Each structure stands twice: as C-alpha cells, then as structure tokens.
Amino acid sequence: MAKTNAGRFFEDYTVGETIRHAVPRTVKMGERALYHMLYPARHALYSSDQFAQGCGLPFSPLDDMIAFHVVFGKTVPDVSLNAVANLGYAQGRWLAPVWPGDTLRSESEVIGLKQNSNGKTGVVYVRTTGLNQHDEPVLEYVRWVMVRKHDTDAPAPDTVVPELPEAVAASDLVIPQGLDFTDYDFTLAGEPYRWGDYEVGERIDHVDGVTVEEAEHMMATRLWQNTAKVHFDTSARPDGSRLIYGGHVISMARALSFNGLANAQMVVGLNGGAHANPCLAGDTIRAWSEVLDKAETSAPGVGAIRLRLVATKGGEPFRLKGEDGKYLPDVLLDLDYWALMPM
Amino acid sequence: MAKTNAGRFFEDYTVGETIRHAVPRTVKMGERALYHMLYPARHALYSSDQFAQGCGLPFSPLDDMIAFHVVFGKTVPDVSLNAVANLGYAQGRWLAPVWPGDTLRSESEVIGLKQNSNGKTGVVYVRTTGLNQHDEPVLEYVRWVMVRKHDTDAPAPDTVVPELPEAVAASDLVIPQGLDFTDYDFTLAGEPYRWGDYEVGERIDHVDGVTVEEAEHMMATRLWQNTAKVHFDTSARPDGSRLIYGGHVISMARALSFNGLANAQMVVGLNGGAHANPCLAGDTIRAWSEVLDKAETSAPGVGAIRLRLVATKGGEPFRLKGEDGKYLPDVLLDLDYWALMPM
Amino acid sequence: MAKTNAGRFFEDYTVGETIRHAVPRTVKMGERALYHMLYPARHALYSSDQFAQGCGLPFSPLDDMIAFHVVFGKTVPDVSLNAVANLGYAQGRWLAPVWPGDTLRSESEVIGLKQNSNGKTGVVYVRTTGLNQHDEPVLEYVRWVMVRKHDTDAPAPDTVVPELPEAVAASDLVIPQGLDFTDYDFTLAGEPYRWGDYEVGERIDHVDGVTVEEAEHMMATRLWQNTAKVHFDTSARPDGSRLIYGGHVISMARALSFNGLANAQMVVGLNGGAHANPCLAGDTIRAWSEVLDKAETSAPGVGAIRLRLVATKGGEPFRLKGEDGKYLPDVLLDLDYWALMPM
C-alpha cells in the first residue's frame, strides 16, 4: 500500500519548492474532436483551419480550455487530492497556442502557505505553468486550495500570502503571434457584433441550456487525466453523488456563451474564478455574461474584452449574490476572463 | 439580449435568397473514431484505409453520414431553430467523398414558401449544399420544415412549392472518382452477398438492437454542432424529455443495417425520409430494409441499390403503416436512399 | 433473413480451419484520445510521444489493450455470437507495437473442440492472431468459449484439447524493438518504484474506484466493433440488464492499477484470465494486484514482472475465492499478465 499515492497534506508543502507533475500528454485532433462532442463549442477559430488561417494563424489551435484542463489535471495528484476546497484562481495567462501534436506537462511552484486557525487545514498557493515539448510555457495561473493536515501536530509554517492583483492588466496579455482580425469573416463566425458593439456593464443572457449526465462529466474529467475520486466514485461522498469537476462547468458555460459572444474568440487571461456551488448530474447548466472592461491591443484589428461568465443551474439570469453577499444557491460558477475579439 | 440568435421565423425568408451558414468545421480522423464509438458502424470501406485502397480510393473517406450531419448541423440556427416539424427530405446527392482534413461549410437557398391556412406557421423549402475548403460541393439535398411566424400579421408570401421528384434518378448519382469493386474482398467486408443477390421487393430484418442513452445522443448531436434546444435541455419540452436528433436514429439504423447489407458500402443518394415518431432515451432501436430498386452504374463492378431503411423502437419487423395510412407508433424512421454495392 | 449473420454454432467448427474475420480497422490518434476518455489511463509511455522517445521508441504506441480489443472485437461475429460463456485465455503475447495509422485485422485457427456431456454445448478453442497492414502479427492469444449447438443431433467431433502452459515463459516474451529504460524519467512517469522494488508475493491495493455508466461501456464496446447483443440491447437478457463487455473491466482495472504500478508500462504477455462475475452499470470497479513472478530481459534497463490483476465491485481488497474454491461474488476479473518495467 505504501506504493500508492495518498496525495500531499498541508505540512508536506514548502514555500519556494517546485513540483514537476507527472504524465506528460501529447494532444492532437482527437482531443479536439472530443471537446466538440462534450461541449457545444462553436467558436470558428477553433473549428476550422481555414477560418484560423484567415485570422493569421497557421491552422486551428486546440481550444484554450483544453490547454487549461490538461495542465490543471496533471496538478491534481500533487495539489488537490486532499483538498477540502478549491478557493480561487488569479493571474492566469495563455502564453502560446497549443497545436495538435504538442506534448504538455505541468510544473507548480508553491508561492504561499497559511495554516488555518483550527489547526486542521491550511491554504496552499501554487503558481502552475504548462509547458510544451520545447519547454516553452503555454499557460500559467495561480490557484489556491484548502488542504487537510495529516499530522495535526506538525508545526504551522510561516504564513506567506502572495499579493494577487484583482485582474491581469490588459497590457500583460499575450497575443498569439500573427493574429490579425482585419479580414475577419463575421458571417462564418456566426454573429455580426464586434468589439465596438459591446459596452462595459452590458449583460448577455446566453439563452441555451444543457442538462448534464454522469457519463459525460466523467469522460470529460478523465480525458484530462484528472484523478480526483469525488468525480468518479459514488462511495467517495456521503450522499453517493459524484461531484462534477468545476472545469466541466467552465467549458460548458464558455461554449454556451457562443450565443451572444460568438466573436469572443480566444481566451487569453483568467483574472479570477469561484466554483460557487456544486454541480451534479441532472442539473441544467445555463450561462450569462457581463462586460467588465475593454482594451485595445497591439495586434491588427484585435481588441480585448474582459468578461464575467456566470453559470447557473436554473433561475433568472443576471442574479449572482444575495443580500448577505454570498452566491445564490443556483449559481455554479463566477469566472472573470479576458478574450480577444475583432474590432 | 439582442445579441443572441432567436432564429428566423417564417416571415424572415424570401424565395431565392441564399443563407451562408456559420462555423465551418475541419473534420479529421478524430471525428471518424467518434462515429465508430457512437454507432456500431462496420462498413469496411469506412473502417480501413487498405480496404478503401482495394476499392480504388486513395484512403478511407469519412462516413457519408458524418458529411450529412456536419452539413445539416450548420443549418439548424438559420433554418430550424423555430421549426415545429421537419417535414421531409428530397433530391439528396453525395457529390464527393469527405476526406480527413477537409473543412466543411453549408449554404442554403430558399426554394419554396407556403403559408399554412392557420396563418401561424408556414412551410420553408431549402436546398442545402455542403462545400469543402476548395469550394467544391460534397453534398446537396432539399429539406422542408414547418416554421412558426413571429408576427402573425405579417403578409403571406406568394406560394412557391418546388417540384420534387420522388427519387433521384440512378443516372444522376455521382460515383466517387476511381471507385472500382472488381477486386472487392467479400470476406473482409463481412458478407458474401453482391448486387445480383438482392431482388427488388426483398426485405431484410437486421436483427440487432441498441438501447439508447441520453449521454450518447447528446454527444452525437453536439459533435455535429447542432444546437436545437430540444435535444439538450430538459426544460425545453413540457414533459421534461429530451428529443433525440433524428439524424442519430438515421446513423444508428444505417449502422445496424450492416447485418444483411454489409456490402451496401457507400450512400450516394437520399430520395426521401420521414421521422415518423419521436425517439427518446431508453428506446431500443432496431432496423429493417426493403430493396426498392436496382441500377447499373458506369464504374467497374459497381451497382446501385435503392433501399428503404426503417428504424423502429420495438414490435415485429416489416410493419410500417396502419390501415389509416399513418405510421405505426413504434416506427421511428422511414428513409429512402441509394447505396453502391459490388456487382 | 438468410442474409443476416446468425453466428456459428458448435457443429460449425473444424479443428485446423482458419477463419479470416471481417472488417479491418485503421486506428489512429482518435482511438487513443477515446481510450483516455473512457479509462483513467495514465501510463506515460502511452500518453506522451516525448516520453516514449526517451524510452527508445519512435513515438507513443497505442495502448496495448486497444490492440487487444480491436483484435478481439473482430472475432466476436465468428466465435462468440452464440457463446454461453467465455471460459479462458492463455498464451497471449503482444508481438509488435500498434502505431497510429496501422490497420488491424484478425484471424483465428480452431485448435480444439470438446462436446459437453449434455450434448447441447461444446467448448471451442481458437488461437487468434491480430495482423497489421504489412501482414505482421501484432498480437496472438488462445481463447476458449462454450458454444451452443444448433442441431443437437449433429455428431460430436473428435475431442481435441490443446495443451496450454500455465503461463507464457519469460524467455518467450517479445520486447518492442529499441526499448531502453536506462534513461527512464520516474518523476514524469508518476512513481519512483522500479522493478527491484517489487517482491514476488507483494500485493497492492490500487485504492481508486470508478462507478460505471451504460453510455460508457456501450461506447467502449462499440469502438472495438464488438457486436455481441448482450452489451447493447436491454431485451437480450431476461432481466433487462446490459452485460458489460469483460474487456471494459480489463481496461478499467489496468488503468486503475497505475496507482501503485505506474511503471508497469507495457503489457507483453497474457497468461490467463477469468471473468469471474458479471459487471453491470452502477457497479464501482476497484482493483488490486499481486506480484506473481519477475524476470530479467535482454533489453537495456528493462525487467519483466508477472502480475495478477483483480477487479472487484466492492468489498475489501485481496479477497479472491471462498472456501469452496469459487470466486467471491464481488470479484469481477482475475487476470494474469506480464508487463515491462524499468530496472
């Protein structure tokens, strides 16, 4: 039994250490086909080589969320196997497109530790980097999780809490090399609305809904080699339910947001995110968005738009928190990201 | 909310207009692998590059129904989002194989309009063409749907009903370039029966059945980027059920027909089709076929066979309509197509 | 109806005959992506081209169990459509890696026949070989099944029972050309344990569990073009349940065994196997292993390890048979195989 991975506990982390996560993964067109089977993904730049070429890219990259899920999945056995809660994301940036045939691996640096006052758990902050086969970073983000202590007598580490800006500055976003939206085909993309048509504060109800099934979320989560027991094993939680991987909700909501944001093509920044309530099979996921900010970029015809993406399991759109400041019970996800859009 | 697609209503169509549908799609071997996972597809020409080469093709094309589903799926947001019923197909022809790596897009010309006497709905006839990245047509078919009016006061258009022959003439079928069945390997194909072994009027019970699941039909439908709400959202229909995409039934029945029609390799014509009754998860799909016609072709060793393919959800085979001329309640599909078979 | 395949019955087999099975299949990266979606497969050599290159291979081969399932699936219509029980496996050897783009087909030689005393059934022994597009064998194994007689008056054949050694001799295992584990990266592989760290008799509880769904096992089974009715059709068994393909349990257990056996990279021998009890949707599959034997090989840094892999649907690990010598009711699979591991 000593040979199986029991996961790390709070006392097993040291600020400054770097963890090289296991099981590199070569991703190709098969993973893209699966992504389009699991989510109603329709952003044209990720669907058609010719459309991507019309935007200055050599061909269609893999969906940005595939990169996120693969990189994230590798961290689970080392970071969140004994996690009580996934507390937040910050400072996420997509640094280079992932092309079919790339091999991804992940590394995480521990950048903060804070034991909780109960002495039983603590918060671990990691900065995770996804790298391709050329050792070039393709994605980085900060994530913090609450992790159990195994030995509650282990001494508390010095508290280190990293300073995390509320959002990635627009000037820090990395625009994929060659991207050019000056000849963008709005008809083939599916909607006529450009960067200039969106106003800060504007909200969009994405209208469509998808009722999720056990088989789907397990297959999606497995595809990213995410091994957290709670997603697969009905005996892992007291009520016998399988908790849906938060990333499944992210991808579903992002795909649903096509309807009203078809031209928010590339995700380049992850400012923050909260998995507000658990999602279970049988829930019908819906989504709405709010425009939080806009910025110009140096690339021809390319604007940046900062969006709040909210996934719900019912209820009216545009509701987020109650009078107590807490998320309403039917809110699943509150995500804050930057996307690139034709100007 | 103005930015989301509410779909077109009856009064939004004009005879003669051409709609360029959105979201082109590059399809590769991943889509083929998925097709073989979702359906019990075993026709050897679509399973093995070497078998296809033995039939004169450069390698194995994507299944003809993949081409149909991808082309059809793109039309949904513009043609059938507000459809009350899918009324029929006619004059369908596969014009060129779809190869892994091809990018497909769709266009539809409105060729007919007829307002119903109730003033609330009307029938829209479109001729849809699927095109590859070289702008070569790979598939065309006529489809007519009943669509709601949004503004019931909108004036009725002039009635235009296209003349639609009962079937594609055998002489109009397009045989893929190079196809040659003279060295056809019947053992590897799975059955010894050739074109000459089938007689007009002959009926075949395909014996096998598949009980369908929600996860499967949703993944299949999503794969083709078909966005119709009724397939995904349990709140879209009064009884909370998700209606299975008619094309899922077509592909399931075609795959089941391998058992008895293993050598009906390529689908080249779609003469007509009716989705006779709704299919829901839990139904067990079975299929039977009837030989309607036979014709020779100009390609070496290649014959054409016209088949009725009937999918049911139970009951005895070979039953289709009641004394009232209406489809029996357990009939799901009545499809009329041309396939190519070794002589 | 004469044209559909009713399957072979016991009296239809002759010792010495070779059956060429139908429907060759080209397998590529799409099939690999699906395998990683259907099973929690994480062995690094099958996940990353770069990792495989670090082990002396040109790139990452398809999982050994994909080869097994594809080769096995093709035999079903000719060998086990009328089987009452799958009795055993022996003398299985993987003879060459399967690379993306290979086309597989199967042949079986009938090597034994023994009518049962009841006169209604008999045991058929076949040696199945999987071949690639160069007609090179990639896999061979012996399997025996109990098959119904159609005509109980048909005379009993001479009894021929092949001699089947208990295990493949280590010296008969075929090591893939070029395989070299001297620069093996244990960190990227996920565990630090090498061949020398395992002792004969050692047992490992693989800890994780997966609750299986109907949609998943049907998709997996269909992917291998396995057509046995009992897996798909709720009307095929008296209780309305769909029996899960035994190979689905094999792949699930092998994938779960990563946790504790992450370095048992390549499966090269199949000594024996029993599907001890039926597996149904809703069961939670767990696995444990026992080290049965160890051997050196001629390849640099490569050791062979013989493992018993047991899949269960609950209960404590390490329990296998009752006092009566029969498998306990929660044991699903008892598999005996050889794998290659860094020394």
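Labels A, B and C are assigned to the chains in the order they are written; within every chain, residues are numbered from 1.
In the analysis below, a contact is a pair of C-beta atoms (placed from the backbone, for glycine too) under 8 Å apart; a residue touches a chain by one contact, two chains touch by 3 or more.
Note that the structure is a prediction, hence the values are computed from the model and not measured.
Note on subunit A versus subunit C: their Cα superposition corresponds to a rotation of 120 degrees, in steps of 5. Between subunit B and subunit C, two chains of identical sequence, the interface residue sets overlap only in part, with shared numbers making up under half of the total. With centres set at the average Cα position, the gap from subunit B to subunit C is 36 Å. Annotation for subunit B: residues touching 2 or more other chains are 28-31, 33-34, 213-216. Contact residues on subunit B toward subunit A in their complex (touch as defined above): 1, 3-5, 20, 22-26, 28-31, 33-34, 77, 101, 103, 105, 133, 213-216, 218-220, 222-223, 225, 227, 229, 232-236, 242.
Residues 28-34, 36-40, 42, 44, 47-51, 60, 187-191, 193, 197, 204-211, 213-216, 259-262, 284 of subunit C are the ones touching subunit A in the complex.
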